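Structures given as structure tokens follow.
Okay, so subunit A shows up in both of these, paired with subunit B first and subunit C after.
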Partner chain A sequence: MNAIRLIAKGVLIEGVRRREIYAVVLVSVLLIGAVLTVDFFDIEGIEKFYREVALLVMSFATAATAVVLAARQLPREFENRTIYPMMARPVSRLQFLLGKLSGVLLATLFCLAIFMAVYVAGTLWLGHRIPWALFGQYVFLQLLMMTIVATMSFWLSMVLNLDAAISIAAVLYLSASVLSSLVTYIFPDLTTVGRYLLTAFVYLVPQLQIFDLSAKATHGTDWPPLSLATMAMLTAYAAVYSSGFVGLSLLAFRRRSL
Partner chain B sequence: MSSAAPVIEVRDLVVEYGRGRKVHRAVDGIGFEVRPGECVGFIGANGAGKSTTMKTMMGFLFPVSGTARLFGRDARDKESRRRIGYLPEVALYYPFMKARELLELYGGLSGLSKAELRRRIPPLLEKVGLGGKGEVLLKNFSKGMQQRVGIAQAIIAEPELLVFDELSSGLDPVGRHDLRNVLLELKNAGRTIFFSSHELTEVESLCDRVIMIHRGRIVTEATVEELMKPLNAYEIVFHLPDAAELPACVKQCGPKAEGRLHTVTIPDVTAYSRAISELASAGAKIQSTASKTRSLEDYFIDLVRSTEREAVS
Partner chain C sequence: MNGAYWRIPSLAAFLLLPLLAGRVRPNDYEASRRDSQTAIERRNRTAIAAILGGVRTSMADMMFVKTEVYMHNGVAYMPHLNMDALSQRGEVVADDHDGHDDHDEEAYDPEFPPTVIPTAGKDFRGIVGELERRVRPWDDPDRPHIHTSGIELLPWYRMMTISDPTNVRAYQIGAWWLKGPKPEEALGFLKEGIANNPRAFQLPYLAGQIAAKLAKGENGETDSARTAEAWEFFDAATALMMKERPEGYDRDHPENFPGWSEYKEEDARGAVRFAVYFERDHGSRDAAIEKAVRYSEFFGGDGVLDRLARRLENED
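Now for the complex of A and B:
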């Protein structure tokens, strides 16, 4: 446990001290700030527009951070040869992987925390109410989604090169809702084999859009929070896929020459 | 050599890279042992198989056949790594970490407590020539400083076995001098040291034993003394009067004569001083004396070239 903690701390320090996270945050805040200025024209419903854009931008930015941070962990370790002094110590390959992943998740959480602080400050500055229960659920589900995105990127970086891993993870994240709609749309017209293949695809690729609570958080005053049972199921879904990706990463890493 | 159980035990090790037709055999059935307290230099040209052997010893690479054991355990066994300090070939440590944080990370992974780390880190940084640099981000470190911090991470847990790949890489002459002192201190403290280096003078001055590898095979394994003995040579050039006779100890060494001018090469320093004294007694006029001792580097270059010639023919 101590080894995992120490490795995670190292990743967090590196992640937090690099300027990239702050650059992503700054660009996102500027975008959100631009939306805030629209309020000066007294447009009706601007509060919801602000919420929608802010949550979308923040989610994209956090996912980008998670993908890049996770995907480059292992390639960087090889490139800089830092993996050798690390693995020359009494550290198992599983501990190494879990430490790296935990660090990426902590750095992603740090990024998300900054965004949420900006979002809350912006909303309160506009004088609007925050539906705290729903907002809390939104943040939690974002974290679950980022855990899947990070573990998936981590695994992809082991079986592909860095660029390919980042590209595929980004495409899967960005096309999550489109893929879901497409699947629903074309399923009835497929042959039996096609349906089996599509079903397999749906189960193989994590359905990230189910964690997106941004629409409800935007219209939070009109929606009740999700039930505990739904939250538990979503948590289990995220746990299954994240564990799956960690397992696949370990399989790839266990017999890999360093 | 001590009769204690070997710290490093490599048997018939074969390591290959690539697959199918593109397979390249980097290590071709080598075997050797390193006993406790020994300082062994592992030398070879670039691509000879030094780093591959070391990485396999550390459990980073998987051999096709053969074994590499550390402290009697498989190299991939986590427990065997508790007693090792490893310096990789030119690493670039985490740029946004401070030197102190890096040592805390590696020391912590070796099982040192926070209090122990606080106690050990400042004098360790001082020892490797990085005193006062603990709070500097590693991205501001030069290549030589990175190597120094690398040495510090390798020795922070005071391991019994030190494995250094390309020991003095990136270090300037002052750095090499400091490093030699650190190694001598570790050697005197009874640590086992196994290192590869292209600085053969360093190997010559520090090691008890040398293993030379070429094209994945061991070509020489001997103590430094054994290796250096045939490399020693002292030359005397002298005039011998007509009536005088060559002393027996000079005759034995097969002197060459050009008129009255004789040249003799003597392989041993004691015989050399005796020859000078006997030549003087015989009335010879000594024109010049010189040490023609060849270095380990000369020996190594000759060995590599002769192996290359054999391979071509």
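Now for the complex of A and C:
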């Protein structure tokens, strides 16, 4: 446990010190700020627009941080040969992986926390109401989504080269909503074999859109928070897929000769 | 290949360039996706527009999807709102089935269109579909829709017109929502639209209506500058419309006139009627009669204008 904590701490410190997170946050905040400078006729009651733009940019930026941080952890260790002294210590490969993963998740949480602080401060400054319960659930589901994205990026970086891993993880994240609508739309037109394949796709590939509460957070005043049962099911879903990806990563890691 | 073979046609093309350049009219340029509103909406009614939602390449197309989602409080239905009615009268009404791209043809009801996320009975994804229905804004499509205010959409229309200043429909709908709370800003927005779309008669027509409303002061006094402005808008709208409306347009067979629609026809008739009313109220009776007769002839007969002309002729 101590080994995992130390490795995670190292990844977090590196992530925080490298200033990439701050750059991502700064660019995102500038982008949102640029949108807010547009003259929208000085009209009241347009907070949905601000909420949607801010949450969209922040979600993308957090996901980009998670994907890049996670995908480059292991390849860089091999490339710089820093993995060899690490593995010479009494640290198992599982502990090493979990430590790296925990560090990435902490760095992602750090990034998300900055964003959410900016979002809350901006919303309150504009005098808009925040549906706190829904907002809290949004943040939690973002973390669950980022856990899946990070573990998936870990596994992809073990079986593909770094660029391909980042690209595939980013595409899966960005296209989650589109793919979800697409599969339900084309399903009735497919043959039996096609339907089996599509069903397999739905259950093999994590459906990230089910963690996206941003639309309800945007139109928040009229939507109640999710029930505890729904939150528990989503947590279990994330746990299953994240564990699966960690398992696959470990399998690929064990097959690598050191 | 011997170089002489391609040098001759190249030289000929070069020498012909001044002739070709003489036919170029830069102001006639229209972006590739700026085809008629009818064509845009036909494209947007396809399922792919609903599926791709916000990632459509064109911001102008995104407006259509955003409008549908915002008006339903975040619930994504298959696109079904009548954008003509929205831009013309500010009405949020369902469209008929024409041009829809649905799987379930028999079950389609324009008042109860299907949701993008299907109902449990039609969703093969089991628990995944159930979770998506709980997490994303979703409502049973068999329940009556709740339409929210369009004010919240105004920033999107502003963004659309910034990204695509030739989007006449965005100026129209945006000005419709804006003219209630902020008529001055609505007029300014339309003036920007007119500057960017000098051939769209609908914009000066709507601008004329807003200016005419602003011309009437709260205490019954008339603002002469505003009146003159409204007059200019109506004249401009009428002149542009008369240039654009296809000759011999037949309301019984609108399909024979692809560049024109019944909604445009209604706007066209509305523009000339407003021009005549305005002439009657702020100009001379004789000029109003002359305009009513002339415009009615232009349309091959218009009951409203004919009645107005008769009534004016019978007045003392």
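In this text, the second predicted complex is superposed on the first by the 251 of 258 C-alpha atoms of A that agree within 3 Å, B and C clash if a C-alpha of one lies under 4 Å from a C-alpha of the other, contacts with A are read in each partner's own complex, and residues count from 1 in each chain.
Rule of thumb we're sticking to: contacts are C-beta pairs under 8 Å (C-beta built on N, C-alpha and C of every residue); 3 or more make two chains touch, one makes a residue touch a chain.
Source: prediction; values computed, not measured.
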(message) For A:Val178 in the superposed arrangement: first (subunit B), second (subunit C), both or neither?
(response) second
(message) Is A:Gly127 touching anything from subunit B or subunit C once the two structures are fitted on A? First, second, both or neither.
(response) neither
(request) Mind working out whether A:Thr199 is in touch with subunit B, subunit C, both or neither, as first, second, both or neither? (result) second
(message) Output check: A:Thr82 vs subunit B and subunit C. Expected answer is one of first, second, both, neither. What do you get?
(response) first
(request) Name the chain, either subunit B or subunit C, that contacts more residues of subunit A. (result) C
(message) Just checking: does A:Ser92 make contact with subunit B only, subunit C only, both, or neither of them? Give me first, second, both or neither.
(response) first
(request) Could you give the residue numbers on subunit A that contact subunit B in one complex and subunit C in the other? (result) none
(request) Under the touch definition given earlier, write down the residues of subunit A that touch subunit B in their complex. (result) 2-3, 6-7, 9-10, 13-14, 17-18, 80-82, 84-92, 255, 257-258
(request) Could you please specify the touching residues of subunit A with respect to subunit C in the complex? (result) 35, 38-43, 45-46, 48-49, 141, 174, 177-178, 180-185, 187-189, 195, 198-199, 202-203, 207, 209-213, 215-216, 218-219, 222-223, 226-227, 230, 233-234, 237
(message) Per the contact definition, I'd like the list of subunit B residues that touch subunit A in the complex.
(response) 55, 58-62, 78-79, 81-82, 84-97, 101, 105-106, 108-111, 137, 150, 153-154, 163
(message) Under the definition above, what is the set of subunit C residues touching subunit A in their complex?
(response) 47, 50-53, 55, 70, 73-74, 103, 116-118, 122-125, 127-129, 131-132, 134-137, 149, 151-152, 154-156, 158-159, 162, 178, 181-182, 185, 189
